[in-house]
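Across the two complexes that follow, subunit A remains constant while its partner is subunit B and subsequently subunit C.
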Partner chain A sequence: MARYIAARLLWTVVTLFALAAITFALMHRVPGGPFDAASVDRPLPAAVLEAQQAYYGLDDPVPVQFGRYLGHLVRGNLGVSFAQQGRPVTDLMLDKMWPSLLLGLMAFGVVVGGGVPLGVLAATHRGRAVDTVALGVATALAAVPSFVLAFVLLLIFSVWLGWTPVFMGAGFGESLSSLPRGIVPAIALGAPAMALISRITRASMLEALEQDYVRTARAKGLSPLAVTLRHALRNALIPVVTVLGPVLAGLITGSIIIESIFGVPGIGSAFITSVTARDYGVIMGTTLLYGAVIMLVNLAVDLAYPVLDPRVTLR
Partner chain B sequence: MMAATTGRDHGRAWQRFRRNRSGLAGGVVLLFFVAVAMLGPVIATHDPTEQFLAPATGGVLDPMEPRDTGKFEAPSGTHLFGTDQLARDIFSRTLEGLRVSLAAAVFTVVVAGGIGIAVGLVAASGPGWLDSLLMRGTDLAYAFPDLLLIILLRAALGDTFFGARQVLGVDAGVLLLFLAIGFTAWPTMARLVRGQVLAVRETEFSMAAVAIGASPSRIAIRHWLPHAAGPVIVEATFLAPRAIFAEAALSFIGLGVSPPSASLGVLISDHFQFVMVQWTALAIPTAILALLFLGTQYLGDGLRDALDPRASR
Partner chain C sequence: MTMMRLPIRGVMGVVFPAILMILTACQSDSSATGSPVPEATPTPTAAVQADAVQTLRVNLPGEPQTLDPQRSTDSVSNTILRSIYSGLLRVGPDLTVQPDLAMEVPTVENGGISADGLTYTFRLREGLKWSDGTPLVAGALVDSARRLFEPGATGRYADFYRVLASPGPDGDANLAVRAARRAGATADELLALEALVQPSLRVEAPDDRTVVYHLNTSTPVFLQLAAMWPLYPVRQDVITAHGAQWPEAATHISNGPFRLAEWQHGERIELVRNEHWHGEAPTLDSIHYSMVGEAGVAMLAYGNNELDIVTLGPAELVQVRDDLALREEFIAYAQLSTVGLYFNLGDEDLSDVRVRRALAGGLDRNEYAEVVREGAVLPAYGWVPPGMPGHDPEVGSQYRDGVAAAQALLTEAGFPGGAGLTVTILSVDTSTSNLTSQWLQQQWERNLGVTVVIETRDTATFVADRLAGNYSVVVGGWGADYPDPQNWLPLFQAGGAFNAGDFRNEEFDRLVDEAALELDNERRIQLYVDAQRILIEEAPFTPLYYGRRNALVKPWVTGLLPSSMEGEIPGALYFDRVVISGRAP
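What follows is the complex of A and B.
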């Protein structure tokens, strides 16, 4: 077990190194630099530009810059943001991570709380109207682009009903009373994954409901609810959990689209701003964060597997 | 265990599929849109890039009236879906957008399918070290944030394809965009193919093929690969709408197909800007996108049920 985890963590480090190298190379191939006329408010005089480039070492060959970056990275230093007056990238990301993480967790609640019950309902009513409606609702929510869904939800909840503010703005997550502001964005963010989860739950439940142990449970006179939830669902959830891992990783690392629509000051909007501003440190930081989160969550899922299914052993 | 693939079983799969009404309906919807897209230039009532501006009537300049009319028109006899912010015919632009979006889907499936099948097949049939190497590479590609990779690739490669602005009549920027989308989608396909092939590697018919002296590559392609056909087809039907959605998301942040060319994503995000003026302009392309999505989903479900013998009732 410990060897398995050690090997996986080692592999995570190797992958992150490759991810860093590819991103670094791609990022420097993008024309323009952080201090060009297109990236700053006022064009800099040539001498100042040169001095700036030299100060940050941007005039060195790219491999040299990458080596220096790695040297800082292993010591936990992600460099500074060019666009925000030399603010440390770690500091900036900690700031942006909080809203994204919180919103992602709320969306995850939507995915699990909506997708699993809909899937179970569809499976237990296979072929009947409930099946069609449950699956239809989940699929319809995923059938329009998230920005259109976000707009429709905003129109209903913010404009017509006036329950939530139109713009999420700063301060989200700083107090309990700010949390309801995240509900509408969380639904828009979670809808596609919710459709996926409800389909997987349904398929897996259908298989579980046909197993012998479910027939045994029914035969010994258990209530249909107990059979469904305690006997069938527990086993049906195994394939669902494997999909939930990457889904969670994707949700908590911030969505570029949802964050730009609702004005969430999160990781997704930080990335897109950093690409247009050629803010190299922030581009690298957000990409590595995403890669690390997705790999660690996948590791957690693999570790959870033997707990859920005793037939599985790790090697 | 795995998808049945002999000729007779295909017949049975088709029979099962024919009885699946929602799957069949999904297929019909898709075929309809493909036909419309292919007939696009013939059906189009106008040039998709032409502007139909009409000078305002009446001599007095009213500051509340737009100077030029012809923009944001509601659906009518001359402009079936109305006109957009530049007074272009939305019906003709939708046909063009449908064609580009379907091309995105096909291109992605071909790129992702090609790389994924090759990697998965080689990994499963080759020596152990090659398998490890290829699967670690797949893990790496999987850990790469999709949208971020597409954005970086798009920004890094610019609008030319090895210096050419157009390749086979398609805009180089569009082609690169689709290539990038396809490039993020192959790991799932590779894992799928590898799993399927590993499951049939040690079966008797493989040994029989070795015994009669078939070459390793022949065994891999002629005997093992067909066993992955079912899951691969199903995965492809789910991949296609993902490509269209990815392009739509990119259009929304201004990194999609560049003007004056259109895709469903470009239409939706353009029309999104003036939805309060003319909501039908947003509703129509969105509805088409939704129908494409639902069509592929139900077709995929139907195909999976038909190709998986365990699911038969």
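What follows is the complex of A and C.
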């Protein structure tokens, strides 16, 4: 087991290096640089532009710049942001990661807490009204774009009911009392994935409920609840967990749409704006973060398999 | 707004622009602006009863890039800077300069300006203090001028102050440093070199209350430059102690009516009253800036009384127009900005002035302003916008109702009925820009029979393609940095930094050069008017619209003074005069 994890972590580092190299090369190939994007109507005078590029070492050949970047990277220095002048990228990312992580985890709660029970209910009531309603809800949530859902939720909870302010306000995640403000955005963020999970749970449960061991459990006279939860669900969860990994990675790395509608200062919008601003340091930092998160979550999912299914061993 | 009406309009009017706003969120608008005389403003009551809670809540369209006055280049940052700093002079609501840190505006008569117009002497008020209570001395203004020319400074605004540096190729300074770095110089050697090659600055503080600026050439607009953020005083000791991180809330020290109390990046900024400010103490205790880029969300928050002022996007404008109650809170005023079409003079077809005039005349600018933009902007025919000295309503009149003339010009230029002429519009990928490009395409194809191709790019690629000359037409514009045509006409001089289309006209250049040195103001402005006629007639650029600001202001915000130099938020230049009176719970 320990060897397995060590090998996987080593591969993660190798993959991140490849990811860094490709991203670095691509972002320097794309036309326009960090000092072009600042203003459409006021390009920097050529002399100033040249001086700026010299100051930041952007006039060196790209491989040289990449070498320098790696040198800084291994020492934990991700450079400075061009768009937010002089702010260290690490500082900026730490600032933005926390709200995204927290909101993502809340949304993950919505996904698991809503999606799995909905799928189980639909499967156990196959073909009946509950199934139809659950399917309808899931289809609607999957079909409605998240920004529409976000505005509808804002209208309901902030404008009509007045329970939450339109603006999430400052300091989300800094105290326990600030957490309820994240509920509405978390629903908007998690809804599409919740719909997906409920569909997968339903299909997987239907298959499990047909299995011999379930019939055996029923024949032994176990209560329907015990049969469903202890025998069918545990086996049905394997495909669900496989999907939950990438879903979690997606949720905690932020969404520009949800973040900009609810005013969450998260990492999702930081990533998108860094690309359009050609803010090289932030592009690299967020890309590497995404890569690391996705690979670590996948590792966690793989580690969860033997827990769910004793027949699986990791080598 | 009634509860029942909002849903339908809310969903239709709010949701769709949401996508558009996300796409435009990253595009920075150049300096923002407005005319001194609002067309409709809630009239401030003569004597207002101030509420106990004096907090103003407004929304910024994005995160400020920096709150370092010498490094700031974007209008969001400048909006905040203007509330937390005081400069030597301040632009008044009538766009004239008024004394702020200075005891009086220097003139030749009071000895503040030397007879040759080369030396400006400012005498500071007595007892000036920083927000931490320490005395503010004239040396802080020398520091700010010096910081503008430091290596690594962005330099976009340093260009404006070139008259303060001894003549010398300061661009070369950085090149020398780069060569030394390549050669393996140590950090200490580099620092020594940087100090050596820095342009020598001609600003001095002979005593603690006097600052003297020596200019290389007479610059009649220098008083306007002295009112701008790059010359706001700074605390060099704070910068030395905290480095590039000094503009954070924990260490920021300023000298304006308000000071920075909190800056949660991307989330909010809070300013509180600066008890050490030299002016009449503001009534407001604090100003809360949220940063939600979504116009639709900001509108919901305004309706929910979470915001006191909101700037309207296109969809919100329509919503307000149809709502009697909201119309009571609506203000609209012209901005000092002009947007239009830059023609690529390096393009073979467009190098013919007749083709450019035809394209300029083949547009119905009223339709654009009223129909396409829903009245959010004003049709434009001139370069210098209304509300600014040098605006001439007569200029460009040849392009009003100019379709027939345009068709004749095209035929004359060898493109009868538009046949054989293909125009490529290079467009930034934002909602407004795409809308504008599509409208231009439709107009030129319908009115002139020209073939129009639209090439859409993201911002940085757009800039790169534009510099490379890969276009025949781009939509672009200019916002005033200071209210003077000197900020506008030199753009089109041969070799000018922003003269992307490479327009060259000797008579135009001569008029603009002459105006730059002319000390007689009336004659100076007339020279700019004459130059502008040539510009519009030769059409390297044709105006399309003048910017307008459309906003809602709650009735309890009294004393608000919208201004053309305020940045991103209505009235932001004079928030120290605002009083909250009778706010609804």
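The rule we apply is simple: the second predicted complex is superposed on the first by the 300 of 315 C-alpha atoms of A that agree within 3 Å, B and C clash if a C-alpha of one lies under 4 Å from a C-alpha of the other, contacts with A are read in each partner's own complex, and residues count from 1 in each chain.
In this section, contacts are C-beta pairs under 8 Å (C-beta built on N, C-alpha and C of every residue); 3 or more make two chains touch, one makes a residue touch a chain.
All of these numbers come straight from a predicted model, not from anything done at the bench.
A.B. asks: Output check: A:V148 vs subunit B and subunit C. Expected answer is one of first, second, both, neither. What do you get?
C.D. replies: both
A.B. asks: Taking the superposition as given, does A:T287 touch the first partner, subunit B, the second, subunit C, both, or neither?
C.D. replies: After superposing on A, A:T287 lies in contact with subunit B but is clear of subunit C.
A.B. asks: Contacts for A:F271 in the overlay, against subunit B (first) and subunit C (second): which applies, first, second, both or neither?
C.D. replies: In the superposition, A:F271 contacts subunit B only.
A.B. asks: Would you sort A:P31 into first (subunit B), second (subunit C), both or neither based on which partner it touches?
C.D. replies: both
A.B. asks: On subunit A, which partner touches more residues: subunit B or subunit C?
C.D. replies: The partner that reaches more residues of subunit A in the superposed model: C.
A.B. asks: For A:I5, decide between first (touching subunit B), second (touching subunit C), both and neither.
C.D. replies: A:I5: touches no partner chain.
A.B. asks: Touching A:G263, do we find subunit B (first), subunit C (second), both, or neither?
C.D. replies: In the superposition, A:G263 contacts subunit C only.
A.B. asks: Give one of first, second, both or neither to describe whether A:Q84 is in contact with subunit B, with subunit C, with both, or with none.
C.D. replies: In the superposed model, A:Q84 contacts subunit C only, not subunit B.
A.B. asks: Can A:A140 be said to touch subunit B (first), subunit C (second), both, or neither?
C.D. replies: In the superposition, A:A140 touches subunit B alone.
A.B. asks: Should A:A18 be classified as contacting the first partner (subunit B), the second (subunit C), both, or neither?
C.D. replies: Touch partner of A:A18: subunit B, not subunit C.
A.B. asks: Between subunit B and subunit C, which residues of subunit A are contacted by each of them?
C.D. replies: Touching subunit B in the first complex and subunit C in the second, residues 30-31, 147-148, 151, 256-257, 260, 272 of subunit A appear in both lists.
A.B. asks: So in the complex, the part of subunit A that touches subunit C is made up of which residues?
C.D. replies: 30-33, 36-45, 47-48, 50-52, 54-55, 59, 80, 83-87, 92, 95-96, 147-148, 151-152, 154-155, 158-160, 162, 165-167, 169-171, 256-257, 260-263, 265, 269-270, 272-273, 276-278
A.B. asks: Help me check something: in the complex, which residues belonging to subunit A touch subunit B?
C.D. replies: 11, 15, 18-19, 22-23, 26-27, 29-31, 139-140, 142-148, 151, 199, 253, 256-257, 260, 271-272, 275, 283, 286-287, 290-291, 294-295
A.B. asks: Quick check on the complex: what are the subunit C residues that touch subunit A?
C.D. replies: 3, 6-7, 10-11, 14-15, 18-19, 21-22, 25-28, 30, 63, 65-66, 68, 71, 73-74, 151-152, 154-156, 158-159, 169, 171, 173-175, 177-178, 244-245, 262, 264-268, 290-294, 296-297, 300-301, 303-304, 306, 428, 458-467, 476-478, 497-498, 500
A.B. asks: State the interface residues of subunit B toward subunit A in the complex, per the touch definition above.
C.D. replies: It is residues 136, 139-140, 142-145, 147-148, 151-153, 155-158, 245, 248-249, 252-253, 265, 268-269, 272, 275, 282, 286, 289-290, 293-294, 297, 301 of subunit B that touch subunit A.
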